[in-house]
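Starting off with a structure, shown below.
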Amino acid sequence: MDKTFNAFLQKLDTTISNLYQKDFLLTWEKTYGELETILTIAEAFKYLRDHNISTRCFDSGLAISQFRDNSTRTRFSFASAANLLGLAVQDLDEGKSQISHGETVRETSAMISFLSDIIGIRDDMFLGAGNTYMREVGVALDEAFADGVLPQRPGIINLQCDIDHPTQSMADLLHLKTQFRSLEDLKGKKIAMTWAYSPSYGKPLSVPQGIIGLMTRFGMQVDLAYPEGYELIPEVIEQAGKQAGESGGSFRVVNSMEEAFRNADIIYPKSWAPFQVMQRRTDLLRNNDHDGLKGLEQECLANNARFKNWECTEEKMKLTREGKALYLHCLPADISGISCGEGEVTASVFERYRIPLYKQAGFKPYIIAAMMLANRFEKSADVLKKLATDHVKRMI
Amino acid sequence: MDKTFNAFLQKLDTTISNLYQKDFLLTWEKTYGELETILTIAEAFKYLRDHNISTRCFDSGLAISQFRDNSTRTRFSFASAANLLGLAVQDLDEGKSQISHGETVRETSAMISFLSDIIGIRDDMFLGAGNTYMREVGVALDEAFADGVLPQRPGIINLQCDIDHPTQSMADLLHLKTQFRSLEDLKGKKIAMTWAYSPSYGKPLSVPQGIIGLMTRFGMQVDLAYPEGYELIPEVIEQAGKQAGESGGSFRVVNSMEEAFRNADIIYPKSWAPFQVMQRRTDLLRNNDHDGLKGLEQECLANNARFKNWECTEEKMKLTREGKALYLHCLPADISGISCGEGEVTASVFERYRIPLYKQAGFKPYIIAAMMLANRFEKSADVLKKLATDHVKRMI
Amino acid sequence: MDKTFNAFLQKLDTTISNLYQKDFLLTWEKTYGELETILTIAEAFKYLRDHNISTRCFDSGLAISQFRDNSTRTRFSFASAANLLGLAVQDLDEGKSQISHGETVRETSAMISFLSDIIGIRDDMFLGAGNTYMREVGVALDEAFADGVLPQRPGIINLQCDIDHPTQSMADLLHLKTQFRSLEDLKGKKIAMTWAYSPSYGKPLSVPQGIIGLMTRFGMQVDLAYPEGYELIPEVIEQAGKQAGESGGSFRVVNSMEEAFRNADIIYPKSWAPFQVMQRRTDLLRNNDHDGLKGLEQECLANNARFKNWECTEEKMKLTREGKALYLHCLPADISGISCGEGEVTASVFERYRIPLYKQAGFKPYIIAAMMLANRFEKSADVLKKLATDHVKRMI
């Protein structure tokens, strides 16, 4: 074991965290030390993998995934994370199950969990429902474990809900840590989380909410920018404000992309649907009101079209710190002239930041693996140390 | 190795069974000793798992699943069992395959089996077809192995067919063994397998048939109850009667839920469609006769509705032995007021037995794992002993 | 290690090949030595597996599959190969991903590859598109690796494209090697790759093209036969001719099944759609022109029907060398009276060759495993030697 890896272990040993057997549902439910712990485990996993050292800490075991919405990045990240630890992925495809038969969440949760270690859930379609569903599953698992139905209580990882997208925001944070050297170095940096125009509608709120809910923890100056009417969930706004105060940073909402970009060190231009629209959409989806949904889509696209100038252009980039702010996106972005006519970002800006963006995405498997490890093992540092000491080669 | 585990090994060593390289298609094709062996291996697997001892006996290998009907419990149980043994699951999804191109069962069976160890099949939609299909696959595999096409002959496990549901009934039996201390203690106990009202139709016959086909082996008093017209397949009825006589138990058909419940130690109220309806449904499905199917559904639901009083209520429960019969169900149950308006069981009865019911379901992964092990290894006891001796940790 | 296995290692040590970190897209891009190497590794893998020696050279890792068309054989072969090496399969199902959102190939390729070792792709629907797509993925992976986005550059294996079907043709070749003792013994043998009647249309060209593109490498007399109008891609025809000259064999196109069969040692009667039809079909598919597609299908089926006499019959078999040519097919075949009314081959011919045909198919998992190994490890012989020396049992 070299110095770098030992530093990870020492960091873990000296950081107070209580992640063992705790679900990861919202970053703002975790302490600063716990967030640090996840980042450090992720870095340690990456180190081991990069040195061809096996990271398997399970000889057998299952990681259940439940995707209630399409996914490429997160699906592959989850599968990669499970594989890193030695878990096999079993997908709960509701279309192929008997869940539609009126089965309760309580029952399904127990039924899929007899030999499961981790359950990853994406549920971001219905406002007020996704995170709630995860907690319902959690309560069901608690009960089933307490009742002796389950031999262990599987951990739940939020793979995106209506409120937060913690595996994304934590991967983003690890990217920032890597780019700016340390979490401490983020202090005082300005980040602009801003709405951007997209020719589609109904994009979830979880990314902007996840970003303001996480980045306000680190003493950053967080600007949230959107055209009037594109509000986020009020509770998250409040949480972000509170955290900014506590961490010695700032949080404000502005209605100008330019103002948010001004002197920003980091920018995150990304489309979303207004909170109120998502609520109406949720009601329409629940009622299977196809005409209503079509009408809402038309209305929203028309409204979006009023804000086509909310595009991340070279001109706007010049407003940022030395014209060189780090551009972030959760991907895939709506790139003007590439993936759509007019979109969130011009091709030249996107292309200049493409490589760091892809590296940003590359942290996600390690973040998820870290969440899995911290949930399943009381002493993550001991497991990592053993892996490094045993030094089994990943490839012969 | 402690006493408990040693007792399992001794039991296996002293029980005559011939499960090696034999498919598991119907419980009544297996000897008493073979059924005991499956239960014992399942218990031994559970013991190892509960003690964090790896149960992997395959370094690599495949378990194929083919689900011709929806499944949650069995799908996850099969995946869990495969994972316990170290096998990867590969699903044969006929929709994504070329099977529709008129390919023969003989050919497909060989093509998916070159490196496969186990094939699990659910095929319960067509009366007269599911079990037959499994045997066709079996003959194809026999031939392919004899011809040198396959290096080994994969074992087939019936994950539910039109006749039997052996992974379910064996899990139920292990539950009974656990609740009543031993198979011997089941002697003389009364079990009521009874039809119950459901607002849906077309439920398979495999569970009630599986239960009467298995429980009549153990000297129990088996009452099968249903409203006139809800007959099961005659051959299974005959088999159950024969077995009851041989085992020193009894088997009778009654047309009253109350009569079956009277002094019962165990009750299993569960809806099914009449045998004759399933035959008509099979013909209509084969002819893609949607109007005919709709008509049949209406007719059957109307008929079902005449028997809404076939509900497992607190009042009926009082008829059972000391009012405390053990309530069984394969799940999901139609719970009145919870998963449907009026159903198989009232919420208060279900809720009182929910925890043991979930435990009952929790045996299924171990039962399937036991069927896999017994099929693949000549001496299961030796494998289990080696696993315990090697004592590889499942979690580091 | 016994003599047989040592011979494999010696063969590998004395054969010059450069397969490490090279995609396997077309057999004619590989040297003779490289083709030999793949065959030898496949044989060595089969040897180890048949002797219950674990072939796992990965402790963890992912093999990505992307099937843009239905598949049974290749899907299971790919899964089996991945499992042999210790890789978990993760399927990229475009329907469940966000790829439709206009995401670029460059981006998706990177996003699925952070922890991936191998990517297998089937893309055979669009003429001019499948192989091109694989190369686009390859370029994207090269870039992402060069840019530091990916820690390693996953290897790509062509699981069938519009031009070639190398895992099929190489499995066919291993079958021929086994049947005729050695590659050298194939010299001078006559193989007839001929069109045959089928009551379906739109069958890909990759098999006939793959066969003439591969078998002309070994000094064989390769006859390609089809009714006028059923041309293959001109570039492949040209390549086949060139290779036949270089290898001391011959290549010619004839318009008579009988002529091709005459004195043939090996025959491969298999339907395909004319090259020009595939081009028109590609345009129609791209334009979602359902009426156009229906019209084209009618036109082609009518045209096919003119050539129902292009059937492999017992009578035609008599024309072959001593009436005993080896019959090949990639399966599933259109067997007259079995899988269709009139088809590519009569039941009696097919049945006589069924067992060797199934054995032929059984080589595919090993061929794919060999392609994976050669791509991932610089010295395949060393890995195989270590596997044999470590001698871990596949089944305990």
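Per-chain numbering from 1; labels A, B and C assigned in written order.
In this section, a contact is a pair of C-beta atoms (placed from the backbone, for glycine too) under 8 Å apart; a residue touches a chain by one contact, two chains touch by 3 or more.
Just so it is clear, the structure is predicted and the values come from calculations on it, not from any experiment.
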| item | value |
| --- | --- |
| Proportion of interface numbers common to chain A and chain B (over half same, under half different) | different |
| Superposing rotation of chain B relative to chain C, computed on C-alpha atoms, to nearest 5° | 120 |
| Centre distance in Å when chain A and chain B are each reduced to the mean of their C-alpha atoms | 41 |
| In chain B, residues with contacts to at least two other chains | 88 |
| Chain C to chain A touching residues, read off their complex | 57-62, 64, 88, 90, 92, 96-99, 101-104, 107-108, 110-112, 114-116, 144, 147-151, 376-377, 383, 386-387 |
| List of chain A residues in touch with chain C within their complex | 49-50, 54-56, 67, 70-73, 75-77, 79-80, 83-84, 86, 88-89, 200, 331-332, 334, 338-340, 355, 358-359, 361-362, 364-365, 392-396 |
